[in-house]
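First the structure, which I've put down as structure tokens, then a few questions once you've had a look.
As written, the chain order gives the labels A, B and C, with residue 1 at the start of each chain.
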Amino acid sequence: MTARGSRFAGLGRHLVLGAGAVLMLLPLLWAVRISFLPAEDVFSPQFHLLPSRWIGFENYARALTASPLPRFLLNGVGVCLAIIVCQLLVAIPCAYVLAKARVRGQWLLWLAVLVGLVIPPAALALPLFIMAAQAGLIDTYAGLILPWTISPLGIFLLRQAFSRVPDEIIEAARLDGLGEWEILVRLLVPAVAPAIGALITISLVAHWNDLLWPSVVVTSASKATPPFGVMLFQVQEIGSDYGPLLAGAIMIAAPLLALFILTQRRFLDGMAWLGSK
Amino acid sequence: MVAPAALLLLLLILVPLALVTATAFTDWHLGGGAAAFVGLETFRELVDDPDFRTAVWNTTRYVAFVVPATTLAGLAAALLIVECRRGQAFYRMVYFLPSVATLAAMAVAWQMLLSPSVGAVPQLLRLVGVAPGNWLQDPETALPTLGLIGIWSEAGFAMLFFLAGLKTAPRELYEAAAIDGCGNFLDRLRHVTLPHLAPITAFVLVFSTIHALRVFDTVAIITRGGPEKATLVALYFIYQEAFSLFRTNLAAAATVLFIVVVLALSLLQLYVVRGGRGR
Amino acid sequence: MSVLVVRSVSKSFGSVPVLSNIDLDIDEGEIVSLLGPSGCGKSTLLRIIAGLEFADAGAVEIGARDVSRLPPGARNIAMVFQSLALYPHLTGRENIALPLRVRRMSRLQRILSPLRLSASVRTIEREIDDAVDDLAARLAIGEVIDRVPARLSGGQRQRVAIGRALVRDSRLLLLDEPLSSLDAKVRVQARDEIVQIQRSFGVSCVFVTHDQGEALAISDRVAVMLGGGIAQFGTPAEIYRNPASLDVARFVGSPTINCLEGIVDAQGRVHTGGFLFDTRLAEPVGRPVTVAVRPEHVRIGPAREQPGHMLRVVRVEDHGHDGLVHLALGDGGALSLVARSAQAVALRAGDEVPVSIAPEEALYFSPAGMPLGPEPVRIADYARG
């Protein structure tokens, strides 16, 4: 292969990839464009790529004030935070025992984790809804959070990570006089930090973006999470006002996108975990 | 240390699993009276239900379109990206971005992109003199259009997994291939890269199948199963039966079938992964 | 005074016996090696002493206190692991300080210590810092103490691991093949350092190794472990010169001791294929005997008293200061010997050389592998007789 040939090949690659990149970003870019359009431009028969007049963040302001969007976002943050904290508190000790201890009946627990791993969460929406209804958890934060406090995937990931920590480190810590909990918190948790990062990433994406469960268990706008908020938008008057609607949609997707762009390497490594299991 | 996890696994996974299975064999519906065991009656009713048949057919078509396309798009992107000397991180980020973006919100963005009145694609088509259709409202095109959105949002995962696989491809293998005379890109692709990626491809296929089976957000936001039930898919059918029509036992039976399919695919995946490692 | 007493300890994993009836007694300030091939149970014994495994039977006493049932943290022992087991995300300083914090602070204080809330915690933190600095200076790692293990060299990592073990003033230091991860050149240096450190801190050491050269070089006493039992416990000189069995003789020494099969005659002398060992064994005529000869005792060239036996040189290994000469009798290799000799360089394969062995430098073993007491026969006596 000549240098010239490889340079052309490289150029071609970048052309193809660049076109693909534009396609991938197109919906987002289009949404951004519309979110800055004044109302009269949206349906104007004359096509303008750029807004005919600069309205600044007016549509964003309208989305935030004319709808409970701030409430949705706040709910989303709170619910995701609570879910992730619970998942970690439950999964870390469990994964440690599964990886490092010899306890009777351990295989049974492991089996339950594996079952949980292959059951798609969406499939359990119906029975969980029945249970939530019985427990009086419909339209409560508890109803949004409690069903997801256990993460079989998290236990699985962390168990794999704990298994890779050498036993000698744990034995050294026992000789140093550390208790089991202290070994776990001080030595092992930092050692499996990448796996914990992966779990947080995967969980955050899954639950911030989850539409099905909130639409099942939440009935009032005051408890809605962002994706369910989108569903509510459409039936409200703002739904026909495209500028603010897309400004709202962008603000709902923005937190995760920002996090992703800021921490892309770790974020993608975390996601690649899903494949390496 | 395992007590909370054991309790929650039982309460939030095993009990619901048992509950939904049990419900499928009764005539119970939410808010109704005592349940009576009806055996397979619910399943018979389900199979006879035209909506259910539509949902199964639509889901099958959706999966058959989205899965191969997602896998091929991901593979192509990964093969191109891994050869880049510059910009790898950038492309990786851009191609994965749709997988992170809240699909419910992005569904609205897609609606705008394809909307006959304000969409970019129809406007572009008009520029070149082609009359755009109202794809999301046309029973013929609604499902394939949702499929495109599905590919758009899932291809990032396929690309990521393939990239990870390509990064582990042993350099020595390529050097050996070069010495053996496999000089050009296509030779290397056929004799080194694709065989190396075979187990990952199998994994990606199953992974995207399971994901495609779970298509819900775009249907719920954009088409609500319509037009004329052209986009009625498995999960949306269950959702409607369970939470709008309150035919709980029917929804439970459909859920059981859904779980069985996913379970079978997961076992297949396990088998494939084991096979890949055994080699 | 004994620092460590192991009393009739036995252990099996499932139905596989690993240790049977082990007795061991280690004095203050001593370095004792547990030497044996892999699978002999030496690491298991060390782990039982540490409390990481429990014995099926028998007792472990440390400082005259029965610790058999105590958890490892309560035994006041220190251990350096094969992989060193440094906490990877803690700096050298934090690694060394951790055992001190466990001893000096309550659990709550340890958790809150980064906040430096109370004056007492601040004082303890300062004292720990001083203790670590002091120790780091003595171990010559003061410069690198604030690096994480991944950024230390092999030797520095080892010293941090030893520092973590020494910092708590334990009376007993256990080392589980700590040198095995180092390459050959650093290894010798590191083992000298261990001895120096051990001497200057005066701590008693139990050192597990499969490398007999290492064991002989650093130990006050060596416990040779074979097949789950202690085959011999003695000073390196005793182990090397008066092995308690043929197995010990074979395991210790490199290259392996030469073995010749022979028969006792009426005068108590031993005839082997070609050699006559003019000794006086108190054994009946016709009894088979194994004669074991260290390579350095196989002399090339005629001895003054003996004409020497003509053997053929098969191969020469030149080690510089001396060399090994592989010798054989005849073509069939009915007899083969290895000699360590300064003259190795001058020899070529195929040379025929006279070889002699002084009978008093040979060791004699019964068919069961037990040593046979030769009456020490001086060459002078023999010449006179």
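Note that in this section contacts are C-beta pairs under 8 Å (C-beta built on N, C-alpha and C of every residue); 3 or more make two chains touch, one makes a residue touch a chain.
The structure presented is a predicted model; accordingly, all values stated were derived computationally and were not measured.
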With chain centres defined as mean CA positions, report which chain is farthest from subunit A. C
Two chains sharing the most C-beta contacts: A-B
Would you mind pulling out the distance in Å between where the CA atoms of subunit A average out and where those of subunit C do? 57
Separation of the C-alpha centres, subunit A versus subunit B, in whole Å, is 17
Would you kindly tell me how far, in whole Å, the mean C-alpha position of subunit C lies from that of subunit B? 62
Multi-partner residues in subunit B (2 or more other chains touched) are none
Please give the residue numbers of subunit C that touch subunit A in the complex, ascending. 50-52, 71-74, 77-79, 81-83, 85-89, 98-99, 102-103, 107, 110, 164
The residues of subunit A that touch subunit B in their complex are 1, 9-10, 13-14, 16-17, 20-21, 23-28, 30-31, 34, 42-43, 47, 89-91, 93-94, 96-98, 103, 109, 112-113, 115-120, 122-131, 133, 146-147, 149-150, 152, 155, 180, 205, 208-209, 211-212, 215-216, 226-228, 230-231, 233-234, 242, 245-246, 248-250, 252-253, 256-257, 260-261, 264-265, 267-268, 271-272, 274-276
Which of the residues in subunit B end up touching subunit A in this complex? 1-2, 4-6, 8-10, 12-17, 19-20, 23, 30, 77, 80-81, 83-85, 87, 89, 91-110, 112-113, 117-120, 123, 152, 157, 160-161, 164, 183-185, 200, 203-204, 207, 210, 213-214, 216-217, 220-221, 235, 238-239, 242-243, 248, 251-252, 255, 258-259, 262-263, 266
Okay, in this complex, where on subunit A does subunit C touch? 166, 168-169, 171-179, 182, 187, 190-191, 193
